[in-house]
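Once you scroll down, you'll see the structures, which are given as structure tokens.
There are two complexes below, and they share chain A, which is joined by chain B in the first and by chain C in the second.
Moving on to the complex of A and B:
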């Protein structure tokens, strides 16, 4: 194609450097935000003032910032849960179901330890047991998808998605209409965790903050510096070649889903047992499950890199919190944060093309 | 009891239309995992159009148009740009989930129109869905067009060499597929349950996707599967009509999903595959690049 004196040509990229990837991803985010402005304009809100309000509330406000940080930790863990299978070429879109099951397992342990009767348990012991249960619960639920994919080659998207729905109803069963986890008020929400069971705060922030950041390093090391990480990446790049090299598809599929599920379970634990003001499975748990889908977007934008996922999750944590805020402030429709999720996704799908191709342009002779 | 079976037919109509669309696209080699997304868009925009104009016809037409456009978009990403079909399909679902929540929220609540009249006590869309099964089956197995569609889905390079346009055939199929899925969404929102609520499909599209695998890509088996799952879905919604007092109603809601998983498992066993494994379109899910 020619454009004035320039000649444009599409070429397939041989590989993608870290800096190039970062540039394309940043461009995708900017493009999505520009496109999202249309929604503000349609709602008679100036996009500039909307974004200023979002940023001010999400990142510089004493009420907003703690919310952003809690949301950030949650999104980061969900992103990890997506990334690990993604690097093996598998799609875990079951973070929602896995975080529900992780939460149910954690609250089940709390119940068994006598949380409803107000029995005293050493906080460190209670916290450890709850975290462990959440990870085991999430991992066990995800393992079904890993097993079905590895052993029978059943599409993991269908399986994880279907399991999201069954987990959703299972939570309803547990916390509503006299289910085993019903709270005292009969309000259709789970029982509140006593003080000894809730996750501690470190410098005013849920301690899960530290876990998530350490995990970013650990997972990055796992993927890039270990034999298992190499196998995961090799399998993701070319499953057939990896099989010839002696990598077992069943083993990889099981391992990535176990890890992913454990991380998603942790995300559920974080929001329901470590974020101040929640400390129970809330009535609107479905909203938290919906938010888990941001994990797909963060994972795709960060190209499966756990370290790159940190800034991306922080940004989207802030955007989703700030989006809710401007929705109320400017009396917009419900679901600004959902709409943002949608717009980001569509831009990303389009941008997948630019991760594979580049437009070369040069002056015509 | 009649009421129960009647509602089951309503439900199976939606499964049939959505899954039939997916089947048609898959026979040409294009997988769309975003059925639920296309349905959500068709349901939401069809609902809004019908509510604002007071006309069911306009609502249905809007849903068909939206479905066609989404099919076109899926085609653009996967056929023209050669992108991953799963990424694009997932994209459609997440986009629909996000945007319809925002667009539809001012319209939360009932449609407020007279219900669509029933023919012989049954929803008119049921007859339409059976007719569409017949049409799709006829086109796929008895016409030259169907032969080209199937060959494009089995082996695109051979099809191309023999003079077919893979691009054009696939575009045709994804657009028709999108229209059927959009229609299925509209039938849900205008006829089956005319009360808008965010993300109100809660899994219909994903079960429809599983039904296509279940059908072995045969429209008649698909119709049978839809009837079965329509009844199962209805049972999970109203268990007290058939089996009162057995399980919590929330646990009943998990039943169709568990059964879907079991069916998928059965179909993937070596025993099953050895007998009927060849039905799967060979080139399903793979982008085609002209040499």
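Moving on to the complex of A and C:
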């Protein structure tokens, strides 16, 4: 193609460095914001002031920032839950179901420890047990997909997707009136956790913040430095060659789904047992289940890199909080948060094209 | 560019007329000059082979000729008229056809459908009957025997190549580029292809085979040869009066010894004992039908056969990648019939697979990570679950130096290595484990003369140090040159076990085709 005196050419990239990927993603984000401006303009809202409000509320406001951080932790854990199987070439679309099952397991343990009767338990013990239960619950649920994939080569996308629905209705059964986890207030939500059972705050934010950040380092180390990480990556890049090298497909698919499920379970624990003001399985738990899908997008944008997932999840978390805020502030009649995330997602996925191709231009001879 | 129909340019060519000319073609890639001021000319009715080792710049030149990439400098002329190819479409329009080594056919379609696919007239109304008639006429003319209604997946490699050639000819190609035309073919297929090509040349088609090995074929059929080495033309020869040794020397830049010295090694204890082993193929039929044999220390056991006779299934069963349906396998006296692939690596079995890219390496991984494929489980390189990548980098560096693997560095991706260099890396990685048993499946397939000689010498060195080697090859000369015992395989069975001293070429060749010693046919 020619543009004036310039000749534009599309060429295939030989490789993609982290810096180039970051630049492409940043461009995509700017493009998405520009496109979304149209929606603001149609709603008679100045895009500039809308974005300023979003950013101000999400990142610089004493009410907004903690909400952003809680969302960010949740998204980051969901992203990890996607990334680990993804690096083995397997697709975990079941973070939603796994985080529900993790939450049910955690609240089940709380119930067994007498949380509903207000029995006293040492907070550290309670927290440890709840975290453990959430991770085991999520892992066990995901293990079904890992097993079916590893033993019978059944598509893991279908299995995890279907299991999301089962888990959704199981949660509904448990927390609605008459269910074992019901709050009893007639509001269709789970019982509230007593103080001893809730996750502690560190500097005003849930302590799971620290867990998530440490996990980014741990998972990065796991993937890049350990034998298991090597096996996961090898299997993900070329399963046939991995088997030649003695790597067992069954073992790998079990392990990545166990890890992924445990991380998703932890995400469920985080939102329902460690975020201030929640401390129960809420009526609108489906909202968080939907949010978990953004772990897939964050995972793809960060190219399966746990460290790159940090800024990406932070941005998505902030935009979802800020979007909801401007929606109320400017009395807009549609869900700005999901609409914004949706546009962002489509543009980012579209821009993945540039991960493989680049446009070269030079002056015509 | 002004679009000229090829019929304008290449109609009415006379035998011997120069129809294609390259002048000063130069193409640089980061860190390497792939083509350095290459001049080349083709006459109508000529078979002009381009020879060179892997990495000599043949592929680049071929891609430039076919419009897949553009040269940085230099010009292409067709019948004296300067042309520019921006894509293969341009090259096709100018009458250039290409037969790829990695076939670009649709497996689920018939031969005829594949020939039609992409034809300039295919977008409009298509007269199938007419196409069939025309393609049949082409086949008859050049002596191709092919069922136009067969599905491509049912065809042998040789037949697929014929489909590619017919496809190019049917599109009106007058200049035909053949990429390694005989490398995947059984000897009789290669012979008949070469005679078809000779007929085409008589019809004033110009044919450019690009070749790295099988030098005898070049000598037998081509008129002229241009030899490339490290991106430059090193020789331009009339084929008449040239010897195989001369060609090899021009390609490699030094003398190549075609006769490998076979070291005398006393036969040691049995290492691998196989009893009555059977296995299914991927499609579910019995591909390996009860073979029994023993391989000893210091012995090369050669299995000769045309691909698809059960030898690949045998290799996979022995490597632990395919379950046998019957029989036993003992390694050092221990029953390993049901051992996993990883256990076998640990026990000292080293497998060099035939598919370098699909099985033997991971294209997206660096060379260090590719070397790690055989060491990620090894206590010398892994401590408490953490891989010692620095140690592995040292090993990789040693391998690159000792085996002369041409690469920009340790962190280069394996997918960027040429076939020969990749094979060297795989071989070295396996041999550095000092395996007691080496299973080498087509270890020199597709390698150039220099690399082939190198790989063969490495296997002999391993034999000298006492390894037992199972060599699977389609190349009769290779099997005869290296093996102590040869087992010709046909339809999943050995046609006999022939000790090296009694080896005779014609005899083994007949056995590969299913004739048992004593004249009984299988």
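In this text, the second predicted complex is superposed on the first by the 364 of 365 C-alpha atoms of A that agree within 3 Å, B and C clash if a C-alpha of one lies under 4 Å from a C-alpha of the other, contacts with A are read in each partner's own complex, and residues count from 1 in each chain.
Operating definition for what follows: a contact is a pair of C-beta atoms (placed from the backbone, for glycine too) under 8 Å apart; a residue touches a chain by one contact, two chains touch by 3 or more.
If you're wondering where the values come from, they're calculated on a predicted model, not measured in any experiment.
Three-chain overlay on chain A, with chain B and chain C in a clash.
Between chain B and chain C, the partner in contact with more residues of chain A is B.
In the superposition on chain A, A:100 contacts neither chain B nor chain C.
Using the contact criterion defined above for the overlaid structures, shared-chain residue A:152 touches chain B, although it does not reach chain C.
Once the two complexes are laid over each other on the shared chain, residue contacts for A:230 go to chain C alone; chain B is not touched. In the superposed model, A:166 lies in contact with chain B only, and not with chain C.
In the superposition on chain A, A:248 makes contact with chain C only, while chain B stays out of contact range.
Applying the stated contact rule after C-alpha superposition, one finds that A:341 touches chain B and leaves chain C untouched.
In the superposition on chain A, A:240 makes contact with chain C only, not with chain B. On chain B, the positions that touch chain A within their shared complex are 33, 77, 81, 83-84, 86-88, 90-91, 94-99, 101-103, 105-106, 198-199, 202-203, 206-207, 209-210, 213, 248, 250-251, 253-254, 257-258, 260-261, 264-265, 268-269. Those residues of chain A that touch chain B in the shared complex are 39, 91, 93, 144, 148, 152-155, 157-159, 161-163, 165-166, 168-170, 172-173, 176-177, 179, 290, 293, 296-297, 300, 333-336, 338-343, 345-346, 348-350, 352-353. Of all residues in chain A, those touching chain C in their complex are 14-15, 225-228, 230-231, 233-234, 237-238, 240-248.
On the side of chain C, the complex with chain A involves touching residues 319-321, 340-345, 351, 353, 358-365, 369, 372-374, 376-377, 382, 385-387, 389, 413, 416.
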